[in-house]
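Next up: some structures, all given as structure tokens.
Paired with chain B in one complex and with chain C in the other, chain A is shared by the two complexes that follow.
Moving on, here comes the complex of A and B:
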């Protein structure tokens, strides 16, 4: 068992390790490992205007996607959870999981068709990009939220609040939202990380000035190896940071609310 | 007679689609009374509690609380303290915040709220755990918090849904006494749903036994045990020898174990009845007057600490008995006064 685990971990981390090594290597041609130590590739990525813009776009898209999925996902998940009919619940589940099953490419073609029409000429706008990311990431948030609602036995918590005199709005604000804060945090981590790493759909719907980081990154592969490695490491760090940041924001907000109460 | 704390009149409810539910329930709980509702799972006892609490709306019938018609009133205005099977404590609040929530909703001032919550936690013996969250409390402690949360709002009645089922056996026994003590001290009418008949027998002032959505019998624990209204009640409450039998004479009945002498029973000769004999009424050894004695072979002998429960094979049927004596058992007798004849047939 131990060696299988070891092998798997090596398989998992070796490419990332090589990226890290490559990003600090001065030159890397036809050798097993690069030669020389340098930080110049990071400075090069940092100074590159295209990468700067892509970096900003990715952050904006990730933040907006998190905000919209949270605003849409929480009430939607609640509605799915509270639906009395088992059939409706099963159907809702199929519908909301559909974007996971359908390749992003298919979705992107749909977006291209709709938003390049004369009526809706918005292809290339950052909002179309955000919209696409919302569609792709919402299922993951819904899945997390609905699962945790069931796990927490939310309906019974609400019954308890009701028996203590709380109306619907009151119990939603006092009980439902705070009880789900960890769930929301972990769901949004996933949303942020997915949004930052998304390539397939972004590559097709992004405009020239709204290309997110992964799309621009592809261009780097045609240049120097060290530059490509450094740019990729940055993406990795960015995705991690977004995930951690997202988690902290939600927890901070929840903590602030409970102190205020 | 004073107004019942809770009164149900002809209450019907069925779940859409399944048809399960409760039918024609008439029930009155007196002020300060503890009524246990027992029955097998799926008999409708939790449905009954949800109807009283208002989580379900009755299809027909009337529900009164303190004499006022509450049939169409939402749960939040019924002022009933509910303790859920899973406790349903709010996971993001500490113990005292959980207890104080009902007061907060009622607009009770912050400092008053806190002191009343702490006083109620003290009542259930949890004053030292006020600052803990439910996740850091044991099952028994969570149970007490749930009880305190239901009590602090000074409800008109307490509804307990299988409150002890998630606790281990030892904890369950102490909580029985604890709930009973608090219920007595507050003289608060209580409906206690349980599938554990021993719990019901030991705690309740009266017991309502539900079978298939209907209330089969309501009475004191003793009445249910000694004078069950039907075979089903006898089978559910306590252990029982139940024999399909036929009346032979005004004081004789034919059972699968043999012919039994009874006290004059008033049943028509030839009628088919069920004979009930509680195991602890079966006496090892022959009777002095030789009545109702049976020789048999010991099939099973279970040692249960204070007593043993044995099965004696007699003429193709079986007599289950309980005794505190040790030693072999080959012969038993059943005193005629301890034989009950139930009119209904299986």
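Moving on, here comes the complex of A and C:
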């Protein structure tokens, strides 16, 4: 078994390692590894106007997506957790499965049809892009939040607050939101990571001036290897940072809980 | 204490509105266009469609089968490790879950492409570099690359089941004279088959509908359904009604695969609850 894991880890790390090595290599033509050490590719990506704009767009979209999924997802997750209605629960189950049951490509085509119509001529607007990212990431946030509510046994905490006379809004803001801060944080980090890496919907929905980073990155694959590597490593580092942030949040939550216990 | 119906609808309304506008409305538009003027007949009558379906089926079965096999063995190994080491490895294994398909594509070109690292090493042992790198740009190669972000899903689904598994059963089988491999197959496999099947369906549905990694690796040269649909949408002057029909076919297949996995998982939950 150990050798399978070993081979698998090699399969997992080799592409990342070669991207990193390639991004610092001066030239890489038909040699095993690149020759010469340079930081010029990162400077080139940094100075590239298209990449600058794409990077800004990606950050804007990720921040807006996080804000909207949080604002919409927190009440929705709470409703799913508290409801006894089988209908709402079944709907929730369907929403969880949507991003996989309906391929992003199909959703993107739907966007093309709806938002290039005369009534809603908004294709290419950043808000359409954000709407798409919200829909694609919301199910993941909902699953994280509802799972954590069950885990915390939130209803008990609340009924304690309510038995002391707190109203619904009061107990939602004073009990529910603070109790969920860790899972909300780790869920939103995941939302941000998914949004920044999203390609399949954005590629068809983004306008020329609202192309996010991954869409612009694809063009770089046809150019110099070093440039493509450096541009890809930037995306890789953002995903890594999100994973580290997520792991730290979960660890922080566990530590806070063991102290509280 | 129950939420009042008014409060409940107030909590659900914003999310429902967003999903309605950015999900149901686009999907309804696709549905509306698909049933215009015999679009389905044009899709099914096109011989490209049959070949695309065959390519997609090959890609999906290879990728999901390979991912399930590797994911299961890795999860099994992880479940036997100390929790700290298991946690650290699980962190790295989960990384590709949020990776853009593009990172995977370019990384694989560097590893297994025409002048790739692995290709060049194999070439020194006499393997034909052109033939080897050609595989990467076929459905089988795509399956190998797609497994990069599918295996983590399998591992994450299987790991909790295997960690909570009662290993005393295996020791019992071994003490009765079963060989290790035999014990694993006879004792573990029947108990994890439902989860494994659900995992297989999940990754199969993901890879069947995906086009990002494939587009970055091969452009639109490999014949699989999502790439066909992508070309139809992105090329101007193409048959949008046929594209809508193909979209529905793609969605139906993905949903069907997902639903199969869901039914199996739900049945397993019920049987566990019954014990």
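Note that the second predicted complex is superposed on the first by the 233 of 261 C-alpha atoms of A that agree within 3 Å, B and C clash if a C-alpha of one lies under 4 Å from a C-alpha of the other, contacts with A are read in each partner's own complex, and residues count from 1 in each chain.
The rule we apply is simple: a residue touches a chain if its C-beta (ideal position, glycine included) is under 8 Å from a C-beta of that chain, and two chains touch if they have at least 3 such contacts.
All values derive from a computational prediction rather than experimental measurement.
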Clash or fit (per the criteria above) of chain B with chain C on chain A
fit
Between chain B and chain C, whom does A:32 touch in the aligned arrangement: first, second, both, or neither?
second
Based on the superposed arrangement, let me know which partner A:161 touches: chain B (first), chain C (second), both, or neither?
first
Check whether A:41 is in contact with chain B, with chain C, with both or with neither, and answer first, second, both or neither.
neither
Between chain B (first) and chain C (second), which does A:134 come into contact with in this model arrangement: first, second, both, or neither?
second
Once the shared chain is lined up, is A:153 touching chain B (first), chain C (second), both, or neither of them?
first
Applying the touch criterion given at the start, work out whether A:1 contacts chain B, chain C, both or neither, answering first, second, both or neither.
second
Looking at A:242 after the superposition, I want to know if it touches chain B, chain C, both of them or none. Which is it: first, second, both, neither?
second
More residues of chain A are touched by which chain, chain B or chain C?
C
Pick one for A:101: touches chain B only (first), chain C only (second), both, or neither.
second
With both complexes overlaid on chain A, what's the closest CA-to-CA approach of chain B to chain C, in Å?
5
Would you tell me the residues on chain A in contact with chain B in one complex that are also in contact with chain C in the other?
159, 162
Which residues, counting only chain C, touch chain A once they are in their complex?
1-3, 7-8, 10-12, 14-16, 18-19, 21-23, 25-30, 33, 70, 73-74, 76-78, 80, 89, 91-96, 98-111, 115, 117-118, 120-121, 148, 151, 202, 205-206, 208-212, 215-216, 226, 229-230, 233-234, 240, 243-244, 247, 250-251, 254-255, 258-259, 262
Using the touch definition up top, name the residues of chain A that touch chain B in the complex.
152-153, 156-157, 159-167, 170, 174-175, 178-179, 181, 254, 258
Can you list the residues on chain B that touch chain A in the complex?
53, 55, 74-82, 84, 86, 88-92, 101-102, 105-106, 149-150, 153
In their shared complex, at which residues does chain A touch chain C?
1-2, 4-5, 8-9, 11-16, 18-19, 22, 29-30, 32-33, 68, 71-73, 75-76, 78-79, 82-85, 88, 93, 95, 97-98, 100-114, 131-132, 134-135, 138, 155, 158-159, 162, 168, 190, 193-194, 196-200, 203-204, 214, 217-218, 221, 225, 228-229, 232, 235-236, 239-240, 242-243, 247
